[in-house]
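See the structures that follow.
You will see two complexes here that share chain A, one where it goes with chain B and one where it goes with chain C.
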Partner chain A sequence: MRPILMKGHERPLTFLRYNREGDLLFSCAKDHTPNVWFADNGERLGTYRGHNGAVWCCDVSRDSMRLITASADQTVKLWNVQDGVQLYSFNFDSPAKSVDFSVGDKLVVVTTDPFMGLPSTIQVKRIARDPNEQTTESVLTIKGPVGRINRAVWGPLNKTIISAGEDTVIRVWDTETGKLLKEADKEIGHQKTITSLSKSADGSHFLTGSSDKSAKLWDARTLTLLKTYVTERPVNACAISPLLDHVVIGGGQEAVHVTTTDRRAGKFEAKFFHKNLQEEIGGVKGHFGPINALAFNPDGRSFSSGGEDGYVRLHHFDPDYFSIRM
Partner chain B sequence: MAVSMGKLRWGELEDDAEDLDFLLPPRVVIGPDENGVKKVIEYRFDDAGNKVRVTTTTRVRKLTRARLSKRALERRSWPKFGDAAHEDVGARLTMVSTEEILLERPRAPGSKADEPKAAGDPFAAMGKAGAVLMVCRTCGKKGDHWTSKCPYKDLAPPTDTFLDKPPGAEAAASPAGPGKNTYVPPSMRAGAENRGTEMRRRNDENSVRVTNLSEDTREPDLLELFRTFGPVTRVYVAVDQKTGASRGFGFVNFVNRDDAEKAINKLNGYGYDNLILRVEWATPRPN
Partner chain C sequence: MAEVISMADIEASAARLGIDLSSINLDSIQLPPGEDFGIQSGDDGDLYQDDPLEFEGGFGNIIVVDNLPVVPPEKFEKLEGVIRKIYSQIGTIREGGIWMPVSPDTQKTLGYCFIEYNTAQEAELAREKTNGYKLDKSHIFAVNVLDDFEKYMKVPEEWKASEIKPYMPGENLQQWLTDEKARDQFVIRAGSNTEVFWNDPRQLMPELVHQRQYWTESFVQWSPLGTYLATVHRQGAAVWGGASTFNRLMRFAHPQVRQIDFSPSEKYIITYSSHEPSNPRDSHRIVINIFDVRTGKLMRDFKGNVDEFATGGSGGVSGISWPVFRWGGGREDKYFARIGKNVIAVYETETFTLVDKKSMKVDNVVDFSWSPTDPILALFVPEQGGGNQPARVSLVQIPGKEELRQKNLFSVSDCKVYWQNNGEYLAVKVDRYTKTKKSTYTGFELFRIKERDIPIEVLELDNKNDKIIAFAWEPKGHRFAVIHGDGPRPDISFYSMRTSQNTGRVSKLMTLKSKQANALYWSPAGRYILLAGLKGFNGQLEFYNVDELETMATGEHFMATDIEWDPTGRYVATAVTSVHEMENGFHIWSFNGKLLYRISRDHFYQFLWRPRPPSLLTAEKEEEIAKNLKKYSKKYEAEDQDVSMQLNEQDRKKRKMLQDQWNEWVAKWKQWHEEERQFRIQLRDGEASDEEEEYEAKEVEVEEVLDVSEEIVADQD
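So, the complex of A and B:
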């Protein structure tokens, strides 16, 4: 493959997201400006100026008209995708970590970090069709988990919210009442903070990546642990292929090993695993720093990775990727 | 950049070419071949007035086909906004990588791994590679650990003979025990990766035995013969001390197992100095 290198960010990447149709790629980084790129040739379309802090996460509506971003400046902003105009800003009392549009794009679930004595929360906001009618009040607020909640996503049919974070336990909450429905089994779950969570294309299962150097695949309704993928590095990002039975995991390097391993340029890799067999298929090298973001194009024919080095690498798979046999 | 010359008679060209130095050979285009590679060879004069040949090799390659829906097509024609609004075409934000990146399949255990991926206990990897070679004197258990790493250290009476010998590379991790206040360099601590000693173990696995050598064959001869297959770390020829003649056999250690295999395949049965060589794996058929 000849990856396309996109250097739109001066600081490490935090999140990557494709739109529903797979022609736009949104990148968030610790510099305060999310970028949007064309997903075929990596050409930059625009940037969203307005945040005052690192942008941790973003989501785009199904019609690719609205972009929502969560930032460390304690706001979640709603943007018009086409021209970069900020439509609305939700203010919070602490840095916002994660956002996810519901099916239908009428609601967003936002997580906020613990800050200055305030606990971390999961909040649901309603998104109005017309930005002028936008209100700021939360439909639902959930407090409970200790420590940062790194990701919260909608469960199947918006009936539940799935959250995962620093306390290593994945929780399922009821959307109507805000009650805790299920918790992942502590024994078989992750042993260290969960850094990333990614849903499958149909939402029936999801993948979590953790600093305990493993990624685990869970059923979204019953929270059963389905598969575990073991790597040698703490996992920062993970994604499930929408086309084949593959998952990709990207991570960093333990600080302890920084001096004893050779400093080979470009050796941070995104590892591909077979989703069912749990075996490693291979790795794609190239990043000069730990990989912080991974995303598959919805058509499954390309993927992109964002690293600590500030680069987004867009890979279009070679024809022989599709005929890999294990 | 062909200089137009008008009609030039071939007879003039045959003369001393110094007069015609101002002329440049014509531009040559070697059209796209089956790989899509196009070569353009041009000649020009550089600043010093020297004739310079410039070869440009280009390859046009289709990365992917963009299948865009109608909406996506519309989005393609959106004007740039934000910081991208004033971007000129020459802005080098987006570049295709010059390197070809492959999805590298993991190597099967036992073949050469160039990265120090000894996750977990480095001795476990060593144990696998040279299992038959590790014998512990204390407990007599083979293949698990060396004497100094013996878990049953207290069982056997301490042997004085080893006190003067500093712990060799094989017992490198033992000084890292708690309560020891000697300095242990990072490469020798427990859990250190990239052990140099692994080199030696693996090399013995890549050892090739050569038999039916002629009596004047020596190490340099074997080295010459085997180096074509790959880097060789060690050659040895058994020599009878009394007569000085070769005892007819020797060993060659390769860096790479694949090279050792190639050497075996190619040289077994090879005629060398009027004898037919026998080339095989030195240890009983590793894996």
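So, the complex of A and C:
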């Protein structure tokens, strides 16, 4: 089916997130205003105004009531999804890069960038049921990884936090003590910055995308490398299909390296791989800049991609997609 | 190995000589360089034996001048002044770099001195220039580099017959040709790795033969018959080959070698280096060595100023065009030649001297080329005297140097010579000025070398103002292809040197209109041609059958920079090399345009098929095989079938294994997920389940009244 082009951002997209039911799509971009869209027809529902910097990441609570966003303006803001009212703002000393709600939505993990001599951190905040009782203290602060931590997510049962970033190493931390539990093998791991990390629907495994032009699939509990998907371009975004054994990875040549006028040169494609066989199934072209964000609808019947070009493209799969035989 | 001397032995011998050991600081003893008293140190012994090139002593910049006059102290300064004058002209002498020892008894000089230059090159130059210099009748300088002294000292006084080693049968250097599957090899260079592969089109992937990091310092090159792979290093070039793997067969010492070139039947290798001047008085020098490939013996060297080797003698730093020496005379490696100012110097390889002891004088010659099969030279002399003397293309037979054929050409701006690879035909592309001299148009002069008196035919294109973009002869054939046109989409024409009735006339076969192509690649077996649109056309490919005059397939290798047919004409490789930052890697196609497999590699520098020597079959036998191809091909078709079945089977097994493994993981995850269920519910404050069916979509219609107003509408009737 023809993709639905959603032009609501003025700057490159950074992140896309569906709510649990898959009827809403939240998009973040380098302009300061996250948007929410109807995931079915691409109609824009509203915006969340208040940030004063690029918005890097967001997450939505299980009941689709609360949205949390991380921004380069050194704040993480909590919003009421329904009316776009800002409920609370956590202030940090450096830009916030990623946020993720825990199971139960009572905790949130935030990563902050290294900034003005401060090291990067992973912080856990408690989210109060009533916004009026919300406090700003961190329950846990983890320091250690060098460079930006591009993503940190909760492991199974909130017992662990999985982090990945510029130092190419995937780490698993204990959420009680903040201790480092596991570290991915440098030899088999990524060779360049890990740009993205995306969990499977049940949280048992996750996919990482890296500038080394590959994406890797890991077991969330044991941190064993399961699969590797190799492409021709740096990977900026990746997602795991909740329905079929597919993964989608996207990226493209960095804009500064694109030397020809031909659009194909950059390979701004969302590529589908068979999760198990590691074979390329196909590609979805259309963006005219690198793909920065990818998300599957929880029903697995559509996906959306966000590009450096400022567009969100919403793709509903054709019927023959579901009958692909490998 | 030296005998081990114990401390007790040392003390004993010290006592014998009356030396007090405690008064000697053992650390202060310095052995003369190069002298180790037979004691080998364990860490460098191997290196010395293996790599003498790298560890030449450190006195390369010092020369020893012998046969100087012996003078008393009064005249010492005068002599030193004379020597300084002579030697400072050649290079920069280091401060205090002249040392003339005097006899302690007589205070007279000893008749020799040492001179230290800044660089080894200067020292070498000084040795070359002043060895044999006559100061006066009785004092003829004998100059040597200090490093060489050791070598000369080691020459034994008595001649000993050298040991004759028993004959050892060598490896079969052509083992690769006996591959059971008749596959071809290729070498690629990507990053710091150099790898040799079998091209295995049945498996749809290459099979690694040999791989090495830092195998070469700049590039690799196959010898023309594929026997050797040559690598280039700072100290010289090396050739590799062998039956099972790649061993180093020979090394050719040539510091800072830049270029190499094999003779057509790979008997000789020419190495070239150029040395930038180190000070303003120096000139840009180049060194060319010719080695025998098998023995490694230096057959001849050429050293000189860059101007002497520049093409056409025009001078200038960039005037060298490689190869400086071009090999001729077909497969026998008999002659090689270079162009100089008004001369063509032709050498023969029996003695490595000029043929007839003198160069061939050709006024104003600017270009020459050899016939690929015969000792025939084609020369081009441009117009002289503002058009009074016409331009000239002539064919000269070597060694007789007699002119076989000559053609004068008028108002010519440029000529380019194309030999057909069997040496049967020669095409000269002639760019002529129009009457106004403002623009040029192109025509061809076609020579039939093998016919009596070498007839020449003139060919002009249908539209003679068309620019010629590319020209190529069909290998072993009588056809050629031309890309011509001015627009963004040029035309491609095919011509034959025969017509159906008359074998002596050229005829046009076909013109393909407006193609996206700018390069022609004939299959080495002829008949098929790949029309390629490189650069501006982004790698468009068209596989064309010239026998049937039809397109077999079209394809694209985006951004392709290089195209090479395998030596048998069965496969084509298209590659994107590191001139582009992206897309680096190569594709392998079948001759009829089917993409077989793709390999991507970052920093991809080179792709080279290993050449094959010419077939040993006679022409009749080849024809017979072609006639009965059906009979022969049966066997191979069966083999293909087997392989593809096997592949399918393997593939199926692999998939099954992967699927089983995956299922195992999934089962494990499910189990975990189930076990953690209670905890999850707890975390969610008792919200019962993970199941997604809990929610239901309700469509709610909300009507909002925005505004109500009453208006009286006039009744219209």
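Operating definition for what follows: the second predicted complex is superposed on the first by the 315 of 326 C-alpha atoms of A that agree within 3 Å, B and C clash if a C-alpha of one lies under 4 Å from a C-alpha of the other, contacts with A are read in each partner's own complex, and residues count from 1 in each chain.
Simple rule for what comes next: a residue touches a chain if its C-beta (ideal position, glycine included) is under 8 Å from a C-beta of that chain, and two chains touch if they have at least 3 such contacts.
Everything quoted here is computed from the prediction, not taken from an experiment.
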item: Overlay on chain A: chain C relative to chain B, clash or fit; value: clash
item: Partner chain(s) touched by A:323 [first = chain B, second = chain C, both, neither]; value: neither
item: Chain B versus chain C as contact partner of A:21, first or second or both or neither; value: both
item: Touching partner for A:103 - first (chain B), second (chain C), both, neither; value: second
item: Which of chain B and chain C A:45 touches, first, second, both or neither; value: first
item: Greater residue coverage of chain A in the superposed arrangement, chain B or chain C; value: B
item: Partner chain in contact with A:232 - chain B first, chain C second, else both or neither; value: both
item: Partner chain(s) touched by A:132 [first = chain B, second = chain C, both, neither]; value: neither
item: Region of chain B that runs into chain C when the structures are aligned on their shared chain, from 24-32, 78-86, 150-158 or 276-284; value: 150-158
item: Chain A residues contacted in one complex by chain B, in the other by chain C; value: 21, 23, 232, 257, 259-260, 262
item: Partner chain C, residues of chain A touching it in the complex; value: 20-21, 23, 62, 102-104, 106, 156-158, 202, 204-205, 219, 221, 226, 232, 245, 253, 257, 259-260, 262, 264-265, 267, 275-277, 298, 326
item: Chain B-touching residues of chain A, taken from the complex the two chains share; value: 1-8, 21-24, 33, 35, 37-38, 40-49, 63-64, 82-84, 232, 257, 259-262, 266, 269, 272, 280-286, 299, 301-302, 313, 315-316, 318, 321, 324
item: Contact set on chain B toward chain A in their complex; value: 61, 63-64, 66-69, 71-72, 75-76, 78-85, 87, 92-97, 99-106, 116-117, 119, 186-187, 192-194
item: Residue ranges of chain C in contact with chain A within the complex; value: 538, 558-559, 580-583, 600, 655, 658-659, 662, 665, 669, 672-673, 676, 679-680, 683-685, 690, 692, 695, 697
